[in-house]
Amino acid sequence: MRSSIAVAAIGALLALAGCATDEPTTAASGSASGTPGSGTGEQSKFFVRAEYDKELALLDATATGPAGKPWEQVLNPAMVETAKFKKPGPHKVCFSNAGLNNPWRQVGFKAMQAEVDTQQSRIREFVHVDAEGKDQKQIADINDLLGKGCDALIVSPNTTATLTPAVEAACQKGLPVIVFDRGVDSACPVTFINPIGGYGFGHVAAEFISQKVKTGGKVLALRILPGVDVLETRWSAAKVAFDKAGVDVVGVEFTDGDPAKTKKIVNDYIQRYGTIDGVWMDAGAVAVAAAEAFLDAGRPVPPINGEDQLDFLRLWRDNKLTAIAPTYPTYQWRTPIIAALRILDGEPVSSPWKLPQPTITQENLEGYVDPDMPPLHYAMCGCADLPGYPQRWK
Amino acid sequence: MSTALPLPAGRTAPGVFVALALTLAAGWLIVTIDGGRLFSQPTIVSLLHVAAGLGLVAVGQTLVIIGGSLDLSVAYVISLSTLVTAQTMAGSDGALLPAVSLTLAVSAAIGFLNGLLVTKARVNAFIATVGVGLLLKGFLDSGYDGPAGETAPALVRSLGYQRVGPVPVSFLLLLAVAGAAWFVLARTRFGHHLIAVGGDPEVARLSGVRNDRVLVTAHVLCALCAGLAGIYLASRLGSGAPRVGTEGLYDLESVAAVVLGGTALAGGRGGVAGTIGGVLLLASIDAIFNQLDVDAFFKQVIRGVIIVAAVAVYARRTLRKAAF
Amino acid sequence: MSDPLLALRGIGKSFLGVRVLEGVDLDVLPGEVHAIVGENGAGKSTLMKVVSGVYRPDEGAVELAGVPRTFSGPRDAQRAGIGIVHQEFNLLPERSVAENVYLGHEPVRRGLVDRKAMLVRTAALLASIGESSLPPGACVGRLGVARQQVVEIVKALALDARLLIMDEPTAALADHEVEQLYALVRRLQRQGIGVLYVSHRLREVFDLAGRITVLKDGRRVVTVDAADTSAGQLVRHMVGRELSGYYPGRAERDDPGPVRLVVRGGGNRKLRGVDLRLRAGEVLGVGGLRGSGRSALARALFGAAPFTTGQVTVDGAPVRLRSPRAAMRAGIAYVTEDRKGEGIVGGRSVLDNALLAGRAIRPAWFGRGARTARVRELLAAVDVRAAGEDQEIRFLSGGNQQKVVLARWLALGPGVLLFDEPTRGIDVGAKSAIHDLVRRLARDGAAVLMISSELPELLGMSDRIIVMRDGRIAGELPAGATEEDVLTLALGAVPAAA
Amino acid sequence: MRIAEGRRPPARILRSRPGGVVPILVILAALLVLLTIRQPDFLAPPSLMSFLGRSAPIILLAAGQYFVIVSGEFDLSVGSLVTAQVVVAARLIDSEPSRTWPVIGLLLAFGAAVGLVNGLVTTRLGVPSFITTLGMFLILVGAVYLWSDGAPKGGLTEEFRRFGRRAFEDVPLVGRVPYALLVLLAVAGLAVLLTRSDFGRNLLAVGGNPRTAELSGVRVWRAKTMAFVVSGLAAAVAAILIGGYSGVSFQAGAGLEFGAITAVVLGGVALGGGRGSVAGAMLGALTLETLFALMNFYGVSGALKSTAQGAIILLAVAVPSVRSSSR
């Protein structure tokens, strides 16, 4: 087509003219190797065996760091030198945020802001740019932040693969880059902070349900959206567990995070299969709706997993469910600020910085049910010691 | 009989550029008072990148809207295009041309389908393109569980990140495409016919215009523009992303940019220049609010108000013109 | 005698099993004006659409210059030299004259539209028909109706049309504009262009046509030389009977009813200093050129484009006619000239259309049965002919649609009725039925104001006539005035100028 | 009036009238047959009742949307309105049973107010409703996130939730009748009554030819504004049912506007106005819900559902329009 030639021609012309470019020189790499699954469908291309094994091992690791402050703890630390980033304060810290479009990110971001408040003397300015869940905007945002004289850049990427070039471009500017939550396919950030991760989450939940369900039992897997890497990882780990346990995954359905849709799906599955012996979900958002579908149909709620959102924990306690809540703690939002300040002090930090990822079980449930917080608040916010608690999260 | 002096057919630049100038001036003032800089190079580059992506789609959307139709499938066409581009390239510069051609061919085919549904099957454009969007959504959801493929480094270097001074190449591409679209509307038979079909399909038909052919072509061009936007996004993202179009709300945003630019949703009136103004206005609001660290939700409220207010202003003007 | 430009041989066409045309033969010679007349539904429009390539005939052949042709569409017919001037203008108001004229066949240079050539050629065409004052770059939406008609004709000529179809070309024109059109048609004739002229107005037909073909029920009744026939004979051919008299009798002179409506100093953007008295039982005719304020007067009285100054009283009580509703409450009804555009809801049933005003003005939950029964009676009284009250009104003929509109208003029992061109586009038979109805309403005590561009109708129906000029009432004429009297007032000059 | 001979297309029975409910009934019946083949007890009272109950909100939204579409406009704001209502309800009720009824009243008022604004901006300011309601969509979503800091607060009481969640138990013959179904029947009855009222008839005229309607004394702006208000009210009732059925969530209303419009169009109502029945619109919604249930029962892969949905919508809309225009 004409236009494609035009694109190429313009590109060539500009290359000849030797114009300025924001393009990073190192190319992105890192493709996934898959392992075929069975019964639950093909294994996702996001499944990386080595990562999976590593995360499962981390589940049993003991954390180092101050007790009672899991956001400062590290699993299997691997320290890196940061002396070259040492700088006198107070600092300007910039944060490119993938979005604030769900309660998990809201709760986390408030924790981060509160952490900034506690470090007021050391942070002169905290710049936050919200990409509203758009890759394209986040790339532009990062580029924009690079012109603002930030001392450190925190990035919570919207998508791993697509944000990699932008993060690499940021690294090349010479300022310390800290990535958390989702990672990037690059070693250039000073550190990557997150809890154990998706494999851990998916595995813990699937193991629990597989144990409670007899071999051949019918399990319904409810997922939010396809194509979101964190959620894909959780599901791929669950597949491994379910295949191993030999349970019958009768359906894998997407709920769009819509509780009404969830209830309808669960309802129809109950009718179609008579009984459902277990429900696995890749995120807690619609756990309450799924459990309610059973209650409304006048049936016992089968073994089910949720997350650390309070509405689910309350339902669990009040209805005495057989349940588990692996978490992806929101306290990880505090850590990047702490890490940024350490790096700017030239102190070594662990890279990657793996945070503990506690699981809420029947035994420790009571400790997490807080009657005063809103229903969609996350129990693992690690925010009780922060300024403004609890009002800030209400 | 009217004694008023017959004025030449109006083709004045729409008020969106005035709004753009005012917005930038006010934004500059507020950002400066706030202690920031609106017109720093990185900010301008970011602004123009955001404008380039939306602009490419909006130019195509302008064409179908002028023709009295609508394309709400563009968001999915964009996502699909990034994937086709990145997967065909698979990181190799050699596959650049075939990949771009294939992407455009796929987009054109979808546009063709949209056009056929709207013309031959007489499905309302809203329903037809939402339906085609759903078809594509199913394909994307079932076929992809995340970013796939790798864009050729040459394309990333050129279209994705190259710039001339503060102006990204992608924005130049947008200007080229917009210029071409303007030229098509003003100087080709197709363009004249498209405006006629949008203005009054019956008049066009009885004047010997082949309405169906014109509308199908417009839909193909619109989808091609969406395909170009997909190629650009693939060059920006380095890979194909199955949700990038929907995340970016490119369907509704492109319609908003078009009407902000003074093109009538009913068809037959408007132009590409206004659309570029609308795109720049939306991108400027984005940039200003970014600088001020305004809550994204507040921004969304403001956006909604601005879109409605702008169209109300246009409507007032046409009302006044039409009165007596 | 030269060979015919166009010859139709045994044209037949059916829609969904209904025969609309059957065995129609017709020819048009170069430089001839061939008129086609017939009642609505006689098949005139369908025949024109067959000639202009919109429909393909089921039977028979269309021959151009002796060669049988099958047109794939309007575009094909245009290429073959057939131009059509539509009853409702086919123009884009947002585009320039030149763009409209060359729509569908823009001059092209190296693949691109040659705008300069377009303007130059349009200017040349306009000059060739004596309209060089019309700038080709002007926006069509801002032109007056008559000039839009010129654009429409130029549009046909731009295709080098050898044959021009004119479908009710004077429908929107005032009388003096019709004269201009005559001049134009005669000029075309001299250039050897054949014209197929469709009209309800027999006067025009006799003024212009060489031969006249009468259609009835899809068949050709007769083709005659205009010189050898009379209006009465034509009407007999069209309706199958001779109409006794065109117009019903007037009100008795010695029985002037009470004053119903008084306007003092009424004015708005289009009207100035209107003083008017309308009595029960009379038909007040309103004459004047198009744009002189006739329709503006009716619309002001109906509150659609209200007076901004002056006072109005109805039956002695002052009223403010700010909206159609206010006017309706004051007992005023308005039958619009644009029936399709603002008189009917095409996709709704006959009954729904007739009930529309009653439902709007007196919405009710109870007693709706009685209201519906009343409307049914009225539909019967005005003699609407339809397949049933559930039939969509758009399938009815113009005359029947107009009767439904009338029934709608009668259901409100209005004391004042405003008719704006009540018989436009209505065939001869239905026309006299409408005339009878108007007269009957007046006799029953309604005050009627009737606008008409057709002077015989105006003179034949009115008890008094006011003539509008430049937004004012230029003068009043008693019954028995002549066409010349009306024109003198309307033009504000000695009519010799025409 | 005389019933005339000739001059009318005779084969009226063959032409399924545009705007009729026959096509949608055929599709619905076909889907139900497929469904019963797979799941024979689907049409048994308990299952059918709960299916109808859970389908009530979308059917209500379609009924509301019908009034707007038939008047020649669009309402793209209903989905965001439902979300806003649910979130607002949770925060205002804040698990306090005594606040249930006042808040329900407030929600209805809120829905009517949003409809009023949509209607007035569209009719009085002359903004195309596509844009007005798109703007309202952005404003409502933005505002509700802003107001709740991005995470819904408070909670709904059992009193509030029972409308969408609970049922009359032990009803003879059918067993269990969800409250939602009763609400649906009541509102559907009202909707049908409304379309038969003078307002409803005039609304059809407004959609068919606004100028004629205006000159016949219909206050077009008022009729259209009323239609938006009806749609807003329907969204409020739907929000109460959805909030009850599934609780608080930002996703409560996501995508419902497209669902409602699709349903209305499936039901034979013409976009652009003037044609179609509210019964058709509601049947359209029921058909859409049946389609989703069908896909659940046949185990159509979650991701492919949208493809199936898109294909069926296109077919259902395209086939009749191609057939009716075959001349």
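Each chain carries a letter (A, B, C and D) given by its place in the written order, and its residues are counted from 1.
Quick note on the criterion: a contact is a pair of C-beta atoms (placed from the backbone, for glycine too) under 8 Å apart; a residue touches a chain by one contact, two chains touch by 3 or more.
Per UniProt, the chains are A = Substrate-binding domain-containing protein; B = ABC transporter permease; C = Sugar ABC transporter ATP-binding protein; D = Autoinducer 2 import system permease protein LsrD.
Everything numeric here is computed off the predicted structure, so don't read it as measured data.
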Chains touching both chain A and chain B: D
Top-ranked pair of chains - ranking by C-beta pairs in contact: A-B
Between chain D and chain B, distance of the C-alpha-averaged centres to the nearest whole Å: 31
Centre-of-Cα separation between chain C and chain A, whole angstrom: 72
Between chain D and chain C, distance of the C-alpha-averaged centres to the nearest whole Å: 43
Touching two or more other chains - residue numbers and ranges from chain A: 100, 226, 254
Residues of chain C engaged with two or more neighbouring chains: none
Interface hub residues of chain B, defined as touching at least two other chains: 141-142, 295, 297
Touching pairs among all chains present in the structure: A-B, A-D, B-C, B-D, C-D
Residues of chain B defined as touching chain A within the complex: 40-43, 45-47, 49-50, 53, 91, 96-97, 100-101, 104-105, 140-142, 144-148, 150, 153-165, 169, 172-173, 176-177, 224, 228, 231, 233, 236-239, 241-244, 247-248, 286-287, 290, 293, 295-297
Interfacial residue positions of chain A with respect to chain B in the complex: 1, 3-8, 10-12, 14-15, 17, 19-23, 27-28, 44-46, 99-100, 127-130, 132-137, 139-141, 143-148, 158-162, 164-165, 169, 225-229, 232, 254
Residue ranges of chain D in contact with chain A within the complex: 39, 41-42, 47, 50, 54, 57, 90, 145, 149-155, 165, 242, 245-252, 254-255, 292-293, 296-297, 299, 301-303, 305
Chain D-facing residues of chain C, complex: 15-18, 41, 302, 304, 323-325, 328, 334, 336, 341-348, 350, 352-353, 355-357, 359-361, 363-365, 368, 376, 379-380, 383-389, 391, 395, 397, 408
Complex contact set, residues of chain B against chain C: 1-2, 4, 6-10, 186-189, 191-193, 195-196, 199-200, 202-210, 268-269, 324
